[in-house]
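Okay, got some structures for you below.
Shared between the two complexes below is subunit A, which pairs with subunit B and subunit C, respectively.
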Partner chain A sequence: MLDDIAFWVGYLTNGKHLTWYASFQFTIFAALMGGALAVVFGLTGATLKNSRFLPFRLVGSFYSAIVRGVPDVLFFLFFPLAFEQAVEWIVATQVCSPEAIAAQTAPWPPCREANWFLGTFEYLILASVSLGLVYGAFATNVIHGAMRSVPAGQLEAARAYGMSARQVLWHIHIRQMWVYALPGLSNVWMLIIKATSLLSLLQIADIVLWADRLGAPNFLPAVGLVHDDWRWRYYLVLFVFYILVTWLSERAFGAIMRRAGRGILSEAHG
Partner chain B sequence: MKKTMLAAAAVLALATPAFAQESVRIATEGAYAPWNFLNDAGEPAGFEIDLGNAICETAGLTCEWILNDWDSIIPNLLAGNYDLIMAGMSITEERLATIDFTQDYFPPDPSKFVAAPGSDLDFSALSGARIGVQSGTIQAAYAEENLSADNTIVSFATADQNMADLMAGNIDTILADGSYLEQVVTASNGAIEFFGEDILVGGGVGAGLRKDDAELKAKIDDALTALKADGTVDRLIAQWFDGQGPYYAE
Partner chain C sequence: MVSMTQTEPVVAGASAVVELRNLHKSFGALEVLKGISFTAREGQVVSLIGSSGSGKSTLLRCINMLEIPDQGDVLIDGELIALRGTGPQRQIGDEHQIRRIRSELGMVFQSFNLWAHMTVLENVMEAPLIVQKRQRTEVEADARAMLDKVGIGAKADAYPAQLSGGQQQRAAIARALCINPRVMLFDEPTSALDPELEVEVLRVIKLLADEGRTMVLVTHDMDFARSVSDRVIFLHQGLIEEEGSPDEVFGATRSARLKQFLNAASHA
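And now, the complex of A and B:
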């Protein structure tokens, strides 16, 4: 019995498993940074959509309409690739000699010197930006709607007190907007968390990839513990992890709601 | 402004080394024991890892191992994510159309069928069978061309998933590299057996690289010639493949 426990503790703390545990940092990083960027893009998009200047309004509407319609998996694959090639193209205009371009047989990049090697860190940043862009489009809609929900009387009163347009925007409009936006933003956050399971598509050795590798059946004692297809056991751990994150997020959003609602009387706040 | 400059400098500092070529990156699948797999420490290990490290030492190169799934291992080589593939890849005409290979470091490896003991399939003229292959392999191409008319070909992303589905009875037989199957059959204690005749497809196994990388190819080829001459390749083959060989002794 004790031997069994010692064996399993040893198995679950071998280097392979420790790498798996460590890979949770990628998922958490991508969720937090993706979430922060989504709010930034959402605020920007909503401000553009609210703008009195028609081209800005069009850009804001175009962004929230188009990006929301594109499946996140596609965007996740498309954006980092497009960004990488754009950077390589710009670098190529600077570093590629005509001889190097002539010597290049692969279709891309234009010359070998312009090749940009993306490691886990670079992909993680690009993944977070992709998440931010996709879910920023949803956040744009949520925030835009929330800004329209702030009673016009509040803004008129602020102007009557002599506040400048900028003061009205930041101290009254956006300050009160959160109460209406938070329920929608909490939904967007849940979607971001779910989308972090796509990280392995960008060659990031994330929790899903390691669950796959650890759960893959092994037939040779020389390789490690011989076992059948155990992937479902590892997926179960991911399942529990995501439920835990969901539960924590709901509690955190509850606390943020209470804080954002301080001193505001409204039906949304109840 | 100062902050912007600092940020720009930081981005440049991060990005610059990525354009400089300081080491040779070798891609492997890490799921094809004993060729290449992840050991308990989570690091790549196996015949090709030992051989690759020996090549790099002989050629005076600094090498770094990168894990990449089998099905995207050639596209990502072409995209420049790494410089060399060592993943039990047979040298074939089809692959030579897109990439180049070094000289072989493992002789042509016969493909074999395995199935549960007492299988009533006629392996000389298979029909009505569900045949498992790993996608993108020489066996997958062979099965698609020669066996798909009368049988169902089932493709798997990794060799081990293929094997797990055979054990679970989802497929009737597997066609795969003999070098991979040999140890699995031995370790299975009779749960699976070899059937039928060997099938010879593909040349030897070599390291894949981009066609424009003649310089690297020359270095690796020279190192392999030296390692074959001093017996290192044969020693590693014998060590990882239950005493097979020697294949390259003079």
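And now, the complex of A and C:
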């Protein structure tokens, strides 16, 4: 009995498992960073959509209309690759000889100096930006709608007291907008959490990839413990992790909502 | 303060605080103001009366350029508010000037328009802090004094939604007072209130009038207009139909339209 426990403790803390546990940080990082960027892009998009200048309005509307429609998996594959190659192309025009660029046919990039090696961290950043861009388009719509829900009379009062457009925006408008935006943003956040399971698409050794590797059947004693297909057990652990994150998120959103809704939501009245 | 008599409401020599010259304003095809001029002098209480749609609220909102007149000028303390363009395209000419002027005009709205996410005290302190850039300690002392003055000092830390309508409107008046306004602008301050709550707000406005504050007041309440005003202006279809001291306007009404209006108002 004790031997059994000691064995399993040992097995579950071997190198591969520890790496798996460590890989949760990538998922959490991508979610938090992606979420923060989605809010930034959402605020930017909503501001553009509200702009007095037609070109800005078009850019904002185009962004929220088009990017929302693109499947996140596709965008995940497209954006980091396109970004990497674009950077390499720009670098190539600077560092490669004109002959190398002219001769460029099959190999990419045209010369070795222009090659940009992406490690896990760079991919994580690119993944976060991808998440931010895709879900920022949803956040744009949520925030745009929330901005219009703030009572116009309060904005007018702010103007009547001599506040500048920027002061009205930051002290009154955006401050109250959160109350109307948070329910929608919590949905967007849940979608981002789900999308973090796609990190392995970008060659990041994330929790899904490791669950796959660790659960895969092994018949070679030399490699490690012999077992058949255990993947469902590892996937189950991921289920539990995502459910836990969901539960924590809901509590966090509840707390933020109470704070942002003070004075505005009827529940807040003593 | 120069004392005022009922028969001589316009104080000779008192300077013009608000001066409107030939204001025109249309909303689309609807012409709301058709050329209105009047002056409110230092220490005067001017009431604008008239049926709904007569343009009295629009006129008041032109004073601080919440509505921009299509034609005509507004002067505050003799300073012309700069506008550019013509007709419906007219807009603010100088953002800095209008913000400075607005920061001296204390506006009180029909629907209070207190900022819902701030406590009453924060509402009162906001404009002095971020627009007038005054010292926080000084502003807080001022704000508490103003809240005491309107009788809701105990509610300083409550949120607007936790107050009755009458308390909210008094908080809004304290907010307007705290900027040390040159003139107070009241846009139907009691129209959104139940009759029993009106009284407490009217009492505060009367107190301010008795202090000799310059005020422009849009109101439906004829008894109040009569008791508080130095001058009453009756608007009808975008024009001044009759104006004068309260005794002249209410006691010796000349215009048939005003007679009709007062008759209807007294039966309301």
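Heads up, the rule we're going with is that the second predicted complex is superposed on the first by the 254 of 270 C-alpha atoms of A that agree within 3 Å, B and C clash if a C-alpha of one lies under 4 Å from a C-alpha of the other, contacts with A are read in each partner's own complex, and residues count from 1 in each chain.
In this text, a residue touches a chain if its C-beta (ideal position, glycine included) is under 8 Å from a C-beta of that chain, and two chains touch if they have at least 3 such contacts.
Fair warning: this is a prediction, and the values are worked out from it, not measured in the lab.
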item	value
First (subunit B), second (subunit C), both or neither touched by A:A211	neither
First, second, both or neither for A:L18, with subunit B first and subunit C second	first
Touched partner set for A:G153, first subunit B, second subunit C, both or neither	second
Which superposed partner A:R175 touches (first subunit B, second subunit C, both, neither)	second
Partner chain in contact with A:W108 - subunit B first, subunit C second, else both or neither	first
First (subunit B), second (subunit C), both or neither touched by A:D228	first
Touching partner for A:V134 - first (subunit B), second (subunit C), both, neither	neither
Residue contacts on subunit A - larger count, subunit B or subunit C	B
First (subunit B), second (subunit C), both or neither touched by A:I193	neither
Contact set on subunit A toward subunit B in their complex	14-19, 91, 95, 103-109, 112-119, 121-122, 203, 205, 213, 216-224, 226, 228-229
Complex contacts: residues of subunit C adjacent to subunit A	64, 66, 95, 98-103, 105, 107, 109, 111, 113-119, 126-127, 130-132, 159-162, 175, 179
Residue ranges of subunit B in contact with subunit A within the complex	14-15, 18-19, 25, 30-31, 33-34, 37-43, 67-68, 76, 78-81, 158, 160-161, 163-164, 167-168, 183-184, 187-188, 210-212
Parts of subunit A lying in touch with subunit C, wherever the complex brings them together	151, 153-154, 156-164, 167, 171-172, 175-176, 179, 260, 262-264, 266, 268-270
